[in-house]
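Each in structure tokens, the structures are laid out below.
Shared chain: chain A. Partners: chain B in the first complex, chain C in the second.
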Partner chain A sequence: MHIPDGYLSPQTYIPLYGISLGFWALALRNIKKELSTRHIPYLAMAAAFSFLIQMFNIPVPGGTTGHAVGAGIIAVLLGPWTSVAAVSMVLVIQAIVFGDGGITALGANCFNMAVAMPFVSYLTFKLINRGSKNGRRLYIAAFLSGYAGLSIAAMLTAVELGIQPLIASAPDGRPLYAPYPLSVTVPAMALGHFLLLSIVEGTMTVLLFKYFLKHEPGLIHAIKET
Partner chain B sequence: MKGFQKKLWFGLLIMALLSPLGIVIPRLFNSDGAWGEWGTDKLGRLLGYVPEGLRKYADFWKAPVSDYSIGGEGAPLSARIFSYIGSGILGIFLVGLAVYLISRLLGKHGK
Partner chain C sequence: MENKIPAFLLEEPPPEIRSRPARRASKSSFIDRGLKHVAGVINTGYIQWETASQGGFLQGLDARVKVIFLAFFILIVSLKRELHAEAAIGVFIFLLAAASHISLPAFYRRVFFFGFFFGFLVALPSSLNSVTRGEIVLPLVTLSKPYDFWIYHIPRQIGITREGLFGVAMLTLRIVNSVSLSFLILYTTPFTEIIKALKILKIPDTVLMMLTLSYKYIFIFAKTVEEMHLAKRSRLAGGASSSEGRRWIAGRITFIFRKTRLRCEEVFKAMLGRGFSDSVRLYGSGRLTATDRLSCTLFIFTGILFLFM
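Then we have the complex of A and B:
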């Protein structure tokens, strides 16, 4: 889901950079205000976790691969803003050091995986759980938060890629950037994610949620009473 | 708290050591890379041409550890496994550094 350089037109990647920059500024402000010093190591662990989980490529039918992102469980455990910061950090390092995702596309990739995904996951969890302390309800909320978060991130990626032929083409009619139309990108991304990768993300989310609920329930941001 | 955090760091280290599964398992299924993240050569094969703007931007940045592999994508599997684990550990180190810098920036110190 890491869009490389060259796939997005400037008309797409510049506005998305703007949006992501805005969210980064807000995330820093929120972390300064909300995240206590003793939680700083958790921010590092969350980012390390997201980095590592993304290394576990999973084969998808059709000859491609995908991976979980972890932005959902981080949002549920540490709050959406901490997840924005942690996953953005990971995406910046991946782009600069490992060439995973483009530099020009960094704003877009952050918007999909480090802005939309944390908030969709967090809101999904809250919406389904509704303050319940009931085990099963918590677990369903956790699963669906991971599932929805990754699915939305994948769909945003598909739309950003799929609109490129509409935005810019060469005089001979060939697309200038990402070549496939929405009718190709959306089904291709939907299939791999809805049927496999989002299920993996949801399962991972619920397992980690269970672990933290058992060992450090006071930490979990999404079930704190405030 | 301390013991719990130690356990989590240990878990992350185990993840880094297991990370080569993320290149070995897709190989068994002949799966190669994420959908839509193809390099210009593969895209050229798929399409019959490389979009002009895409070609211009594609090599915009030369990453020091491209594809999490020191020897490039063509390196032998054993070398790839080794550099993949190294990349995982480098990643942990780099995010640690980034968090440290951000916490300094925000004026939050200590553990």
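Then we have the complex of A and C:
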């Protein structure tokens, strides 16, 4: 899911940096409005929390493993704007310190995982939950929020990679950036995520949600608002 | 001198006992693998601090010069469309790494790992003519006829094309260069210096505070999880199933989240106690030295040279 440097052409990563910058500015404004400076350690903790979630590869049927991103559960727990800021921090640290995801691709990675994913997850949760405070409906909403969030993020990644042969090839057809067309990237990402990794994300979201609902229901932002 | 070791300790263990650990070792639990990853994160942090403090060319430069160098060269690497230009940038990075007294085998082991998996292996199938059309230089399979399936076309002869090979080499080289640039700056600059440079480059204070605290929390969390897992293993007789493992991870992550949330107030009080007043203040970020200015000019000149290569 983390796009490395070299896969995206400047005509893709520069506009995506612009979009992500806009969302970062909005997130900062929202956070400053809603939270005081004393909550900054709290936001940092949410970022570290997302980082930790990404480190655990969970076994899935078929002998392979996958990891969750955590943007969905953070959006449900702390609100979508907090999730934008926290997951962006994680992606910045991963790119700079651990070489996970590229520096030129940072705008694209943040757009997919730190902007689109939290909002899709949060809206899915609200849409399915419809004000319910307990019961099976809540768990289904939590699972689907994680599932839909990661699936949309994966599809956006597939489109960004798949358009490269169309917009950035040499005149003789040589691929200059990501070499696979949409007809390869979209099915590959769809299969891997719809059938596997999004289920892992959904499961992780519902497991964590269950614990928070049991021990600290007052903390859950998506329930508090209704 | 006579051997006093009891005879039973000198006996060779029976073959079935010796072979067991080898079979089991290959099947470690997913929690153990996750924990290995956690330990790797902690190690990376320590290695970074150690290397960043060693005397070398890049270690002696101001962080501002290095951050600008990184941004400029990453951009050049992404813009270049010729193999020889990418190769020349690779040689330049190698010379900088050598001048900075970085352990080259360890540095390039990490760089080539990324280059091989995220560049070469991922891109290799695209060298086939079914993905990248062009002149076949290595025929692999000849079918009885071409096949068309939905939007896909499988040609009669399948092989590796010259254009496809160029794409694989270009992507691999670009990834190797980008990763080595990031690691080069990381291995020669402490994280606090990077933050200082970002502050001077007008990144908002809130972002810098979040970045610094997130970075510290990651290491604290990683250490806490590692210790919790060791404590659990020391109390566990026999193995645990995958579902138990999943429940344990969810429980521990929630526990850490709750524990740290309670600690946030204490952290903020500690920040206030140390004189925190809503903004990031810099100490010791003086003017650029003559060496910094000279190096900056050298980087800009070299960069422009690569751009027109």
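Observations on the model:
The working rule: the second predicted complex is superposed on the first by the 206 of 226 C-alpha atoms of A that agree within 3 Å, B and C clash if a C-alpha of one lies under 4 Å from a C-alpha of the other, contacts with A are read in each partner's own complex, and residues count from 1 in each chain.
In this section, a contact is a pair of C-beta atoms (placed from the backbone, for glycine too) under 8 Å apart; a residue touches a chain by one contact, two chains touch by 3 or more.
Here the structure is a predicted model, which means the values were calculated and not measured.
Under the clash rule set out above, the superposition-derived model of chain A with chain B and chain C contains a clash between the two partners. Of the two partner chains placed by the overlay, neither chain B nor chain C lies in contact with A:Leu213.
When both complexes are overlaid on chain A, the residue A:Ile128 reaches neither chain B nor chain C. Shared-chain residue A:Ile19: touches no atom of chain B or chain C. By the touch criterion defined above, A:Ile140 lies against neither chain B nor chain C after alignment on the C-alpha atoms of chain A.
Contact with chain C, but none with chain B, is seen for A:Ser183 once the two complexes are overlaid on the shared chain. Applying the stated contact rule after C-alpha superposition, one finds that A:Gly192 touches chain B and leaves chain C untouched.
Legend: residue contacts after superposition of the two complexes on their common chain; A:Met1 is shown touching chain B, with no touch to chain C.
Of the two partner chains placed by the overlay, neither chain B nor chain C lies in contact with A:Val159.
Of the two partner chains placed by superposition, only chain C is touched by A:Gly173; chain B is not. The clash between chain C and chain B in the overlaid arrangement falls on one stretch of those listed (116-124, 134-142 or 242-250), that is 116-124. In the superposition on chain A, chain A positions 4-7, 9, 28, 31-32, 37-38, 40-45, 47-49, 51-53, 55-59, 65, 85-86, 89-90, 92-93, 95-99, 102-104, 170, 174-180, 215-216 are in contact with chain B in one complex as well as with chain C in the other. For chain C in complex with chain A, the residues that touch the partner chain are 30-31, 33-34, 37-38, 41, 44, 48, 70-71, 74-75, 77-79, 81, 110, 114, 118-119, 123, 126, 131-134, 151-152, 163-164, 166-168, 170-171, 174-175, 178-179, 182-183, 186, 191, 194, 204, 206-207, 209-218, 220-222, 225, 242, 246-247, 249-251, 253-254, 256-258, 260-261, 264-265, 267-268, 271, 278. Note for the complex: chain A touches chain C at residues 4-10, 13, 24, 28, 31-32, 37-45, 47-49, 51-53, 55-59, 65, 85-86, 89-90, 92-93, 95-99, 102-104, 170, 172-181, 183-184, 203-204, 207-208, 210-212, 215-216, 219. Those residues of chain A lying in contact with chain B across their complex are 1-7, 9, 28, 31-32, 35, 37-38, 40-45, 47-49, 51-53, 55-60, 62-67, 85-86, 89-90, 92-93, 95-100, 102-104, 157, 161, 168, 170, 174-180, 185, 188-189, 192, 215-216.
Only residues 1, 4-5, 8-9, 12, 15-16, 18-19, 21-23, 25-26, 28-37, 39-40, 43, 47, 49, 51-68, 84, 87-88, 90-92, 94-96, 98-100, 102-103, 105-111 of chain B touch chain A when the two sit together in their complex.
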